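For reference, the structure I am asking about is given below.
A, B, C and D label the chains in the order they appear, each numbered from 1.
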Amino acid sequence: MRPKFSGVFAALTTPFHNHAIALDKFKDNLSRYNETELAGYVVLGSTGEAVLLRDEEAEAMVKEAKATAAPTKKIIVGTARESTQATIDITNRMAELGADAALVKPPYYYKSQLTQDVLRRHFLSVADKVRIPIIIYNIPQNTGIAITPALLIELSHHPHIAGVKDSSGVLSNLTEALPRAAADFSFLIGAGNVFLPGLIMGASGGVLAAASAVPALWTKLYALFQAGRLDEARKLQLDLVPLNRLLTQTLGIPAIKYSLDLLGFYGGPPRPPLLPLEEQGKAEVKRELERLGLL
Amino acid sequence: MRPKFSGVFAALTTPFHNHAIALDKFKDNLSRYNETELAGYVVLGSTGEAVLLRDEEAEAMVKEAKATAAPTKKIIVGTARESTQATIDITNRMAELGADAALVKPPYYYKSQLTQDVLRRHFLSVADKVRIPIIIYNIPQNTGIAITPALLIELSHHPHIAGVKDSSGVLSNLTEALPRAAADFSFLIGAGNVFLPGLIMGASGGVLAAASAVPALWTKLYALFQAGRLDEARKLQLDLVPLNRLLTQTLGIPAIKYSLDLLGFYGGPPRPPLLPLEEQGKAEVKRELERLGLL
Amino acid sequence: MRPKFSGVFAALTTPFHNHAIALDKFKDNLSRYNETELAGYVVLGSTGEAVLLRDEEAEAMVKEAKATAAPTKKIIVGTARESTQATIDITNRMAELGADAALVKPPYYYKSQLTQDVLRRHFLSVADKVRIPIIIYNIPQNTGIAITPALLIELSHHPHIAGVKDSSGVLSNLTEALPRAAADFSFLIGAGNVFLPGLIMGASGGVLAAASAVPALWTKLYALFQAGRLDEARKLQLDLVPLNRLLTQTLGIPAIKYSLDLLGFYGGPPRPPLLPLEEQGKAEVKRELERLGLL
Amino acid sequence: MRPKFSGVFAALTTPFHNHAIALDKFKDNLSRYNETELAGYVVLGSTGEAVLLRDEEAEAMVKEAKATAAPTKKIIVGTARESTQATIDITNRMAELGADAALVKPPYYYKSQLTQDVLRRHFLSVADKVRIPIIIYNIPQNTGIAITPALLIELSHHPHIAGVKDSSGVLSNLTEALPRAAADFSFLIGAGNVFLPGLIMGASGGVLAAASAVPALWTKLYALFQAGRLDEARKLQLDLVPLNRLLTQTLGIPAIKYSLDLLGFYGGPPRPPLLPLEEQGKAEVKRELERLGLL
């Protein structure tokens, strides 16, 4: 029940065409991802516009991922809802459909009520009742809720809580939590701009939105680290920072999708309220992809 | 299409029993609210734990509200989703079920992408396609997204955008927006601790969570203001502040539900991750209700 | 030792010429202010660029204020320092030079250490040792430190703590604190856009930066409120909001100084790092002054 | 004029006895620090309670540092003031007294006016007029003002701006700024919990508050990194995290001073409003020092 998660996981986009999910495009993208060194995929994460999907669309995505993903690729599915019970139900439904693990961000609407104690009870209740391992998802820039190292350490000892994806970019979350977390707890970096430093400090891998656009560069970075070729790894990490910033901070999902379109995947438009890139944003993305030798 | 909203609207709770919605309890509560001077009800607002409900539960609540609410009471339904299209769909569905207006908070997950321009397009797209008036819902303490006075002024000129519920407590939102908003735009105060000051500056009413617990005191405050009995109004406003703080800030929904239980309504437990009040919280609520002469 | 502060206090600018304080210009300004209905002056407040002055410059300003202010005008001097003892020393020095009261913002550099308990001890230590009344200064938008209503209530009972200037714009600070504060405690509004609502809820006056630019309009607003002419007061309050916003939020001190230059006072340049208004800002200020019939 | 800063710099405390600066204690501490591998000292930094000192006290500290520091140890002095001109004057005064470089945090009081453009002009004005190199000091947790990587890159090309001390803990500031900053620009880590990751990504050293308490452990960490003994370095970094957290986040300066008292240096009390550690804090600090084998 408690596998180790290591290597690079790509947070996948959800392809739309004429406002509907384009499962064929998703299948094509997956087929190409299957040929990479990615350790697996996150479906229905933040990058997957999960909060913009209907339940049946979400299920269709997971079914397609299960049908098409190479057997060696782990499928992690975003399943969090504001309600504790709904999170359990969706997680178990996604488990039936083939999810290997669930990525669970905290509830975040009733901010003044969501104390660390309430969050602890929520995660433990979910963990008690799910049939697949869960990975805690810390992304305070979107949720406004920070999971403290102290809470993470406590949660790490539940047998169904296998790891954390930390997208905060605050590396002290790792250096504070990891030494005191359960021994087989997986710390996954969710902020591409600190991926290498995180690996060096003990992270077992990363869940990276930018790895959906340029998977080979991130898996190369991971391989260089694994091989102890630190100077090359550092150079590559620094080279990737400007693109990563465009794809995950300045421009976001529309820029990831535009990159996919340029690089032979299907990107397509985001779903409103998100809007496609304007010309200036497109030029910035193109320039960075050219600088990295990808166009 | 653009009615004026004035007076006191109570943001209603959603009663649960054995983890399921208790429609009979909701009916009983509504019957009692029908006898008050409330101008109407908000169903599926923040107080209604809307983010913790399934779609079919939400629909059942609106149907019951429509069936039981006195014809003079307006029914405002919270209908916002992260997706623009989903917000439109749910709003129109709730219109079919009898909603008089929709309360629409902004999307708030992709914070770095949700510029004022993106929010403007979102609200205008929604307003273009809905069959009932919408009321913008500004509650930055929960969403992390603030709707600026400048955006509000712009939105106020759309014929389907009838007003705003401002729960921020920042009264300058009113003093800055109201003089330049469309003439028949309704500014509704959503923060009970500044209800009277808001009325004096031009708000036409309030949508108040605490009015679900103690409706008569808030409608009395409104009536005192209407009658120009300002000294009495001020005294009552100040008297209500400590209870309002408990019900909407310190302790939140569990405290509203506990108050209902004490006052002859049905409160019941909140849905997890929200937790029932502990003993200390109960004592604080009881003390305030006693101080106000209600117990 | 505990006088009541009521009416409109103008937060005065510090005039510079060739980078030095221009005491003659300050004297001229004061002579004009003496002819207004202002209740008094704040010297060395935020508007006075106090944090940009040397100690001897600060003393010269207070001496000039004492020499020139009409005897009926109270002189309130900003005296806060990060160090508790330094705050005491400067306060007592300013008392010697003629200050009637001191305006004391909290220390704010060591944010993680400055708990409400540390702030309480700081203010009580200062209050114990000063020879003039102090007015607590809550301006979290600049300091990053909020003084809670609970702390304010506690501090209000010290005989040397005469009141608070609240510049937060959060009117619930008043509605929560005032009913439980000491009976003769003065609540002064520091945010011009909620001046009238504050008065109606029980504030005894205001300390307003914008009152240094257009004193007659703010004292008129206060007089209308005093006379119970609420409709006229509300109209004037709303009329003043756009100018107030420019002078205290969007453009700040340089806009106040530019207004003074336009209105026959001496404004002059701010001290770097603050920079004089650019053309666009000047045009905005001019337009608002014209709209108010002042140019 | 643009030396490289590398290695470990300790941010020194300011010893007080009977509320006055105890220069003899400072001399004793310095004599002991001279025997370490520290690259130099920061005097009058945040750790040095600089904002709590009078100007003459500040000067006395720098004179003593110059008199006692070993000639190989660089002396970096905190010199920032809110006023641009005052910052220049103090910096040049400290240069006269023997400072090798100045540590300059941004102005931070007039937050709404302190745009990145205003900050840029401020730092460039200071840099133009000072006689020693300056090191930009980014500590948004205290100032509320963040210096963006874009601004830092621009400032790095001024010949008098030698580097940055980044205490934010946000390592992407380094990964984003360093590849595009001037070639000889020194990036110094100011957050002990990410010291090693920072070194690995290209930082040339650190300015560490915790290095005033346990200098040998931090210089050992730096030496391990220099020697390519990464596994040992990582282990030591993780070992240091809990103490670092106590000394720089949870408990702060009082905990550093208490550590000094336990370890044979002079710590003494902080200056109010800062308060000495209470018993619980003392026990926590003691426990961590014991765990590290230092007691």
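By our rule, a contact is a pair of C-beta atoms (placed from the backbone, for glycine too) under 8 Å apart; a residue touches a chain by one contact, two chains touch by 3 or more.
These numbers were taken from a predicted model, which means no experiment stands behind them.
Enquirer: Starting from the defined contact criterion, work out which chains touch chain C and chain D both, please.
Expert: Correct list: empty, since no chain touches both.
Enquirer: Work out the mean Cα position per chain and let me know which chain is farthest from chain A.
Expert: C
Enquirer: If you average the Cα atoms of chain B and of chain D to get two centres, how far apart are those centres in Å?
Expert: 50
Enquirer: Between chain A and chain B, tell me the centre distance in angstrom, where each centre is the average of that chain's C-alpha atoms.
Expert: 35
Enquirer: Touch graph across the chains, line, ring, star, complete or other?
Expert: Graph shape, chains as nodes and touching pairs as edges: a ring.
Enquirer: What residues on chain D touch chain C, complex-wise?
Expert: Residue list for chain D touching chain C: 19, 46, 51-54, 82-86, 107, 109-114, 118-119, 121-122, 125, 141-144, 249-250, 252-254, 271-275.
Enquirer: Quick check on the complex: what are the chain A residues that touch chain D?
Expert: 169-172, 175-176, 178-179, 191, 193-194, 196-198, 200-202, 230, 234, 237-239, 241-242, 245
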